[in-house]
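The block underneath contains the structure these notes are about, expressed in C-alpha cells.
By written order: A, B, C, D and E. Residues from 1 in each chain.
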Amino acid sequence: MSITTSELLWAEKYRPKSLKEMVNQEDIVKRLMKFVEERNMPHVLFAGPPGTGKTTAALALAHDMYGEDWRRYVLELNASDERGIAVIRNKVKEFARSKLPGDIPFKIVILDEADNMTADAQQALRRIMEMFVETTRFILIANYASKIIDPIQSRCAAFRFTQLRKEDVVARLKWICEQEKVICYPDGLEAIYEISGGDLRKAINILQASASLGEVTVSNVYKVVGLAHPKEVREILNLAFASKFIEARDRLRDLMVTYGLSGIDILKQMHREIFSADLKIPEDMRIVIADNIGEIQFRLVEGADDEIQLTALLARLSLLGKKLQSKS
Amino acid sequence: MSITTSELLWAEKYRPKSLKEMVNQEDIVKRLMKFVEERNMPHVLFAGPPGTGKTTAALALAHDMYGEDWRRYVLELNASDERGIAVIRNKVKEFARSKLPGDIPFKIVILDEADNMTADAQQALRRIMEMFVETTRFILIANYASKIIDPIQSRCAAFRFTQLRKEDVVARLKWICEQEKVICYPDGLEAIYEISGGDLRKAINILQASASLGEVTVSNVYKVVGLAHPKEVREILNLAFASKFIEARDRLRDLMVTYGLSGIDILKQMHREIFSADLKIPEDMRIVIADNIGEIQFRLVEGADDEIQLTALLARLSLLGKKLQSKS
Amino acid sequence: MSITTSELLWAEKYRPKSLKEMVNQEDIVKRLMKFVEERNMPHVLFAGPPGTGKTTAALALAHDMYGEDWRRYVLELNASDERGIAVIRNKVKEFARSKLPGDIPFKIVILDEADNMTADAQQALRRIMEMFVETTRFILIANYASKIIDPIQSRCAAFRFTQLRKEDVVARLKWICEQEKVICYPDGLEAIYEISGGDLRKAINILQASASLGEVTVSNVYKVVGLAHPKEVREILNLAFASKFIEARDRLRDLMVTYGLSGIDILKQMHREIFSADLKIPEDMRIVIADNIGEIQFRLVEGADDEIQLTALLARLSLLGKKLQSKS
Amino acid sequence: MSITTSELLWAEKYRPKSLKEMVNQEDIVKRLMKFVEERNMPHVLFAGPPGTGKTTAALALAHDMYGEDWRRYVLELNASDERGIAVIRNKVKEFARSKLPGDIPFKIVILDEADNMTADAQQALRRIMEMFVETTRFILIANYASKIIDPIQSRCAAFRFTQLRKEDVVARLKWICEQEKVICYPDGLEAIYEISGGDLRKAINILQASASLGEVTVSNVYKVVGLAHPKEVREILNLAFASKFIEARDRLRDLMVTYGLSGIDILKQMHREIFSADLKIPEDMRIVIADNIGEIQFRLVEGADDEIQLTALLARLSLLGKKLQSKS
Amino acid sequence: MSHQLKIPWVIKYRPRKVEDVINQEEAKSKVLEWLKKWPNVTKKALLFYGPPGCGKTSLVEAISNEFGYELLEMNASDFRRKEDIERVAVRASTMQSLFASGKKKLILLDEVDGVANKEDVGGLEAIEHLVKVTKVPIIMTANNPWDQKLRILRDIAEFVQFRKLEKRDLMKLLHRICNAENLHCDEDALDYIVSRAEGDARAAINDLQAVGEGFGEVTLERAKAILRPRDKERDPFETLKLLFSSRYAWQARNALSQSQLDYEQLKLWLEENIPHQYTDMEDVLRAYEALSKSDIYLGRIVKSGDWDLLVYAMDLMTVGVALAAINNPRDKDKWTKYTFPQRISIMSKLKEVRSVREDLATILAKHLHTSASTAKSDVLPILKAMFVSNPEYAAKLAIGLGLSEKMIEILAGTNKQAILDYYRKVEELLEKKASEALAGTKKLKQEMKKEKPETEKGKEKKNTKDLFSFTKKSG
C-alpha cells in the first residue's frame, strides 16, 4: 500500500508539469515555448472556459522558465479569494521587492479569476502592473475576456483557450486509468465527458471518484454524481410542489446546516435539478421554476438573508403546486 | 526586445499626425486649422462618441501648432487614471511653471475622459483652468458634453465630433489593408463596422487582430472578438420561442463555453439579433425580448449569476412563446 | 492676451453689483437693505434653488455695506472646494485676525454650498461662527436648508430664495440681448427658460452660447446645450406608442449618435416631453411613461448598458401602446 | 457691539436657572428640592425624551445646591466632550477623589447623554460611584435608560421625565413671545409643537427662527424648518390617487420650490403621511405605497435624478389609484 | 458653619459583617470554608457572579472587615493593563513578606467583566498569570458568567453563584432602614419599590431614599409619581400576537415599538411563525413576500450605508406581514403556539460547519490551484462522493490532504467512523514502517511534507494535532 501517491487528487497528480507535457492547446503551447526560449515575455491574458488548461499552462510556463526551483519566482493569487485590491497590491509589492538572481530576467505573478474583479479594482490592477513592469510579468487568467477592461487587455498578449474536444478528454481519462490501473469502460468515460461539460479538471475529479467505487462504469459515474449532488434538494422541491411547505422549509434548513451550504449554493443546485430527469414534474413547471429561481437569486444579490429569500421561494413553489393540483 | 508600440498597433501607426491628414470631421478640422494659423486658441472641449477622432484631433492640433518638437509643450492627462484632482493640479502646476520659449504663445494640456470626473473635481478643474489661463490652454475630451459642468462648458469652445459613417469607416479599413497588404472581404469589413459600433480605433484593432489570423473574413472577425456567430444566437432564441426550453438552454451553455462568452456578452448579441431580419419571429416577440433583455441585463449588472439569469431569460421567452402560440 | 473673465461671461457682466440693482426676491432685498442701513446684521443663511440670486445678494450686500473697497472685508469660501473644515478654520482665523478700520463694524465670510458639508463639519463650523462672532458675520449659502444642522439654523437669520418666475427670467434675458445687440426670438428665450429650469445663471450662459451662433433661435439653443430637438424626442415616443418599435429604436439611435446624447440625457428629455401639450397621447400613457422612465433611469445609474436599456424602454412603451389600442 | 450667544438664543435665555423656575415635571422637581433642603441625595439617573428638562433640572439642582458659584463644584461632561474609558478613569476619578471645599456636602458630576457612552466606559464608572460617594454624587442623563448598563442603574435612583403636554409647551412658547414682543398665532404655536414632538428646546428654537421672519404663522413655521405642510403633502397624495397625475406633479414641483425641499425630504414627509389617519385610503394600500416610496428613496440614494424619480412615484401612485377605482 | 457629612443610604446601610449579607447563605459558607483552607485549595481564586445589587462586593468587604483581611482592590475604574495587574501582584507578595506578622491579605478584582478589550489590553492574561502564582487569596466579581471575556478564567477560578434577593428579604431590609431613618412607610409603597427593584437591594435602597428622604414618610402615591413604572416590554409572544392581529397599519407598526425584539430578531420570529399563524397558502406567500422585500431593504442599507431606508424595511416587516391575511382574515386572531426561531439555535452550528467547509476549500484550492469558491462548488461534492462510498480510499486522501477530524465528518457524514478506523490502520502501518527503516520513513515524511502547500503551515500543524488527539482517543 503505497501512500505517497495514492492520497493525491488525480487532477493534481496528472497535471502536466512542463509545457512539453501539455497535450492540448497546441498553438498556445508553441507560442509560450517561444517565451521560454527567449527568456522574455509580455504580460499575458489567458481566457477561456474552466478546465481548458489555463492554470496548468501558467504553472508549466513558470516551471519551464525557472526550472525545478520555480516556486521561488512565482506568486500565485486568486482574485476571488483575496480581500480587495489593497491586499493584492501589498502582496505583489512584497513579492516584487525581493532581489532577483542575476540570470532570472523577471518574476511572474499569476492572477487567477481576474474577471471576478470589479472595473475599479481592475483599474488599480493596471496601475500595479505598470508599476512593477521592470521586475515582474503578470499572467492574468479569466473565464471571460470581455470582463477584463480594455486598458488591461491592450497591455497584454491575449491567449484564447478553447474547449477541449471530446476525444481529447476521453483519451486523457483513459490514459490516467491506465496509469492508475483502474478498469474503465468507454461509455463510462463518455458519460464523464458529458457531465463535466468539457471541463477536464472536473472530468478527472469525477473519474477518480468513480474509480474509488471500483470500476469506471456508467452506473458508477452516475452514482458518483448522485452522491455529489444529494437528493435532498430534489426532495425539497418535491415537497414544495406537494404544498408541504413547512416540511420543505425544515428540510431546507437541515440541508443548509448539514452541508454548510449558502443560499447561492442551494439555488445553483436547484437550478441543476430543473434539468434533471429525476425530478418528476411537468416541463411547464420547470420553466416556471427557472424563472422564479432567477428572480430569487437576484434578490439574494440585493438582500441580506439567505434563508428568508429561499423560504419565500419555497412559498411560491408551494402555491404553484397547489394551483397545479387543483387544475388537474 | 523593446519595440515602440506605435509600430505594432495599427491604430497608432495610421493615426493622422497632422490636421491635414485627417479625413473626417471636416468642419471641426477647418476651425482648428484657424487656431494654428492665428497661433491662438481658447480652451476647447471635444465631445463625441469613442473613436471619432477626438484625441487624434487634439494631438494633430498640437503637432501643427508646435512642429515636430510638440511633445515638449503638451501635457497629456487622463482623468480616470490620475488619482484625484490634487494630482492633476500638481502636474499642471509643474508643467505650467516651466518657461516658454519666446515664440510659443502658450502650452497645451490635453485632459482625456474629462467627463469621468466628479462634479466636485470639475469645479476644482475649472479653477485650475483659470489659474493658468495666461500660459496654458486646455483641451478637454469627453464622450458626453452633458456630463461636463456648466461653468466649464461656458469657458470652452465646444466641438462636437459626430459618429463616423459606415462608408468612411469601411473605406479607411480597406485603405489600411492595402497598406498592410492584407486580404480583406467586404462582408468582413462590414462585420467589423457593426461590432465596433462606429468606433474607428476599435475597428482598426479588430482589423489587425483578424488579419493576424490570415485574412479578414466574417468568421475570423467573430473569432477574434470572441463573439458567437449570430446564427447560433438566433437559433437559441428560436428554440426558446418554440418552447423547447431545455434544448435552448443546452445550446446556450455550449455557446458560453465554446466562445467563452459572459452573460453580458450573450445579452448584447441577443439584443443585436432582435433587429436582424434573419431572425424569423413576429415583431411582438421582438418587443418582448427587448423588454426582458433589459431586465436581465440589469440583474447581471447588479451582480447576479450569469447562468441562472440567462436560464431565467430563456424560461420567460419560452412561457411567452407558449402564450403566443396558444393565441394563434 | 489676458482678458478678465467678468467681461467675457455675461453671467458675471450682468450680475447686479448693488442691492438696488436686484430685480427679484424683493422682500429679501428689502430686509437686507435694512442691515446696510443699521450697519449691523446677524449671521444669515440664504437657502434656495440654484440661480435664484443667493450669491448675487451676498456680494451685493457686502458691496453696499463697505462700498467699492468691499473685497478687502469679505472672505469668499466654497465648502465643497476647501479640503475639510480645518482649512476653513485656518482661513477664517487668518481673515478674522486682521485689524478692522474704525468705521467698519465687522467683516463678512461668505460660505457657498454650505449644505455640502457633513454634519460633523457643520458642528465645527458652528463653533467657528461662535468663536469669531465679535468681528465677523457669516453668510451661509445652501440649496437645501434642511441639510443644515439645527444648531446652525437656530443661530442664523434664514432667507429663502424662491424660484424665479418664467416672465422674470425671459425679461432679463431679453434685456441682456438688447444690451448686447443680439437678435433673439421669444420661443428661443422660452426654450432657454425650460432647459435652465429657472436657474438664471444657467439661462444666461445658454443665452450667451446661443448668441455666439448668431441669433437666439430654438434650434440654436438646443444645439448649444447638446440636446435633441424636442420634436424629435416626441416623434420617438409617438412611434413607440404606435407600436412601431423598430422604427422608434432606429430613430433613437440616430438621435444618440447625432447629438452625442447619453442614455440619461435622452431620458431627461423624454421626461420633459411627458408634460408637453405637443405630445398627443392620452394621459394614461403619460403616467405609464413616467413610471418606466424612472425604472430605466435607475438601471442606468446602476451601470446598465445605455442602448439595451433604452431599447427595453421603447419595448415597454410599444407593448403598452398595443394594449391601449386593443382596448379602444 | 458684542452680544453673548446666550442672549441671542432664546432656548438659553429662557432656560430656568433654579428649580423654582421650572414649570414642568412637578413631582420630580419637588423631590429634587427636598434633596437641596436635606443637602443630601443618592446618585440619580434622569431618563426621558429630548427636551423634557433633564439637563435643565440637573443644572438647576446644582445651582440651588451651591448658589451662584455653583460651577466650581460641578463637573459637566456632555456628548461633545471626550468621555471614553480613559477620561472616566482619569478626569472623572480625579475630580471625584479631590478634597471637598469647606462647607459643601458633596460635589456633583453631571454626565449628559450617558446612554451614548460605551459599555466599557460605563463599566469604568461603576466603582467610582461607590468609592467616592461620600464626596461626589453623579447625575446621569439619558434618553434611554435601557442603554445604561444594569450595574449603574442599580447604583442610581431613577427619575423618569415625561413628555411635555401640548398645553404646557404652547403656554411656554406664548409666554416667551410676550417677553420678546413677537406676534404669534395659536395655530402657529401648535404647528411648532407638532414638529418639535414635545421637545421644548427644539420648539423654542423653531419659535425664534419663525419670529425672525416677522410673525409666528403656520407657514413661517414650516418654512423655517424646511418642511412642507403635512396637509399639502396629503393633498398631493390624494391627487395622485385620484389619478390627477399632472396636477399632482405640478403641486409637487411647487412644494419643492416653495419650501426648498430635496427629493429625499419629500419622500420622508410622504412616508410620514401614509400612516396618518387623515389620509383616507384602504389599509393594505398603505404598505404598498410605503414600499414604493422606499424603492424610490433607494434610487435617489443611489444617485438617480430627483425630478424623474418623484414623477415616477406619482405615476405609480396614479396607477394604483386607478386600479383601486376600477375594483370598486 | 459646621456641616455633617451626608452619605447615601446604600453606603450607610451597607453590610458590615458577614451575617448582614442576606440571602446568600450557600455562597457565604462556600467562601468562608475556602478561605479557611487557603492555600490548600484546588483553585486559588473565586469568581462571584450574579446580578447587580445582590451583595458580591459587599460580602468581600464584610469578610475583610470581620476577619481582618487587608483588601487590595482593583476595579473597572482602574487601568487594568498587563503592567497594572503585575504591579498589584508584586505589592501583594512583597508586603506579605515584609509584614509577615501583620494583616492577612486578600486581593479583590472587582468587575472583571469590565476589563476593556482595547484599553486594558493583556489584562485578562495577566490576571490568569496572577492566579497561578499568587500567594494571597483572590476573589473576583462579575455579572455575567457567560461573558466571552471570562472564558479563560473558567479553568483557574471556582465560580460562586449569587442569587437575586427574595422579595421577602428585600422587604425586611427596607423596613429596617425605614425604622432607622424614622420614616413612616406604607406597606404598599414598599411593595411597589421592591417589585420594581427586581431583586436588586442597592436599587431598592436608592429608590427608597429618593422617595422618602426629607419627606418623613413613604407613600405609594409619591413612589408612583417619582418612580414611574419601568416600561413594560412585550415579550416575543405578545409581540407576535399583537402584530398578527393588527387590522390597521398603525397598529402593526406599533407592535415593534415596545417589544423586547429588535427588527433583526423580529425578522427571524416572523420567518419561523408565519406558516403557523396563516393557513391559506396565498396569504403565507404574501407574508413571505413582504418579509423578503423587507430583507432586500436591509441588504440595500448594507450596500448603500443609508440607514434612512430602515423604516421601509420595518414597515414591510410589520404592516406587510400583518395585512397579508386577505384570503383567510380569520387566521389573524387564531390562537397560535409560537415557536422560538430554529434559526437562532442552528446558527452557531451552521457557522461552525461553514467555517470547516471554508478551511477545507482553502486546502483544496491550494492543492488544485483554484479559488476557494471553485473548490467548494466543484471539488467538495466529488470528494464527498468518495468519502461516502470508499472509506479506505477516503482515509488515504485524508492523510494526504491533511484533513482534520471535523473535515472528515463533514465529508463522510455517518461514514466517519469507518474512515477513522482505516485512518488509524494506515497510521499504524506508517509507524511500523518507521521502526523497520527509519531512513525510509524520513524520506516518506519528507515527501508528504513536500506535497503539502507551504503557505498552509499553520493549518497543517493544527490538522496534525487534531489527528494526534484522535489517534490517542481511539487507540
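One rule holds for everything that comes next: contacts are C-beta pairs under 8 Å (C-beta built on N, C-alpha and C of every residue); 3 or more make two chains touch, one makes a residue touch a chain.
Note that the structure is predicted; figures quoted are calculated from it, not measured.
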Chain separated most widely from chain B, comparing mean CA positions: E
Computed distance of Cα centres, chain E from chain B, in Å: 58
Geometric centre distance via CA averages, chain E-chain A, whole Å: 40
Inter-centroid spacing, chain D versus chain C (mean Cα positions, whole Å): 34
Rounded Å distance between chain A and chain C, as computed from the means of their C-alpha atoms: 52
Contacts with 2+ other chains: residues of chain A: 268, 302
Junction residues of chain E, two or more chains touched: 300
Touch-based graph of the chains, sorted into line, ring, star, complete or other: ring
Traversal of the chain ring from chain D via chain E: D, E, A, B, C
Touch list for chain E against partner chain A, complex: 267, 271, 275, 281-282, 284-285, 288-289, 291-292, 295-296, 298-300, 302-303, 342-343, 346, 349-350, 353-354, 356-357, 362, 364-365, 367-374, 376-379, 381-386, 388-390, 393-394, 396-401, 410, 413, 426, 429-430, 444, 447-448, 451, 454
Of all residues in chain A, those that touch chain E in their complex: 1, 3-4, 6-9, 11-12, 50, 55, 59, 71, 76, 78-81, 112-113, 116, 201-202, 205-206, 208-209, 212-213, 223-225, 227-229, 243, 245-246, 249, 253, 256-260, 262, 265, 268, 299, 302-305, 307-309, 311-312, 315-316, 318-319, 322
Chain D-facing residues of chain E, complex: 1, 3, 5-11, 51-53, 57, 75-79, 110-111, 113-114, 116-119, 143, 200, 202-203, 206-207, 209-211, 213-215, 222, 225-228, 230, 247-250, 253, 290, 293, 297, 300, 304, 306, 308-309, 311-313, 315-316, 319-320, 323, 326
Interface residues, chain D side, partner chain E - complex: 27-28, 31, 34-35, 37-44, 84-86, 88-89, 93, 103, 105-106, 120, 123-128, 130-131, 133-134, 137, 145, 150-151, 153-160, 162, 264, 268, 271, 274-275, 277, 283-284, 286-287, 290-291, 293-294, 297-298, 301-302
In the complex with chain B, residue positions of chain A that touch it: 38, 40, 47-49, 115, 123, 127, 143-147, 154, 160-163, 197-198, 264, 267-268, 271, 274-275, 283-284, 286-288, 290-291, 293-295, 297-298, 301-302
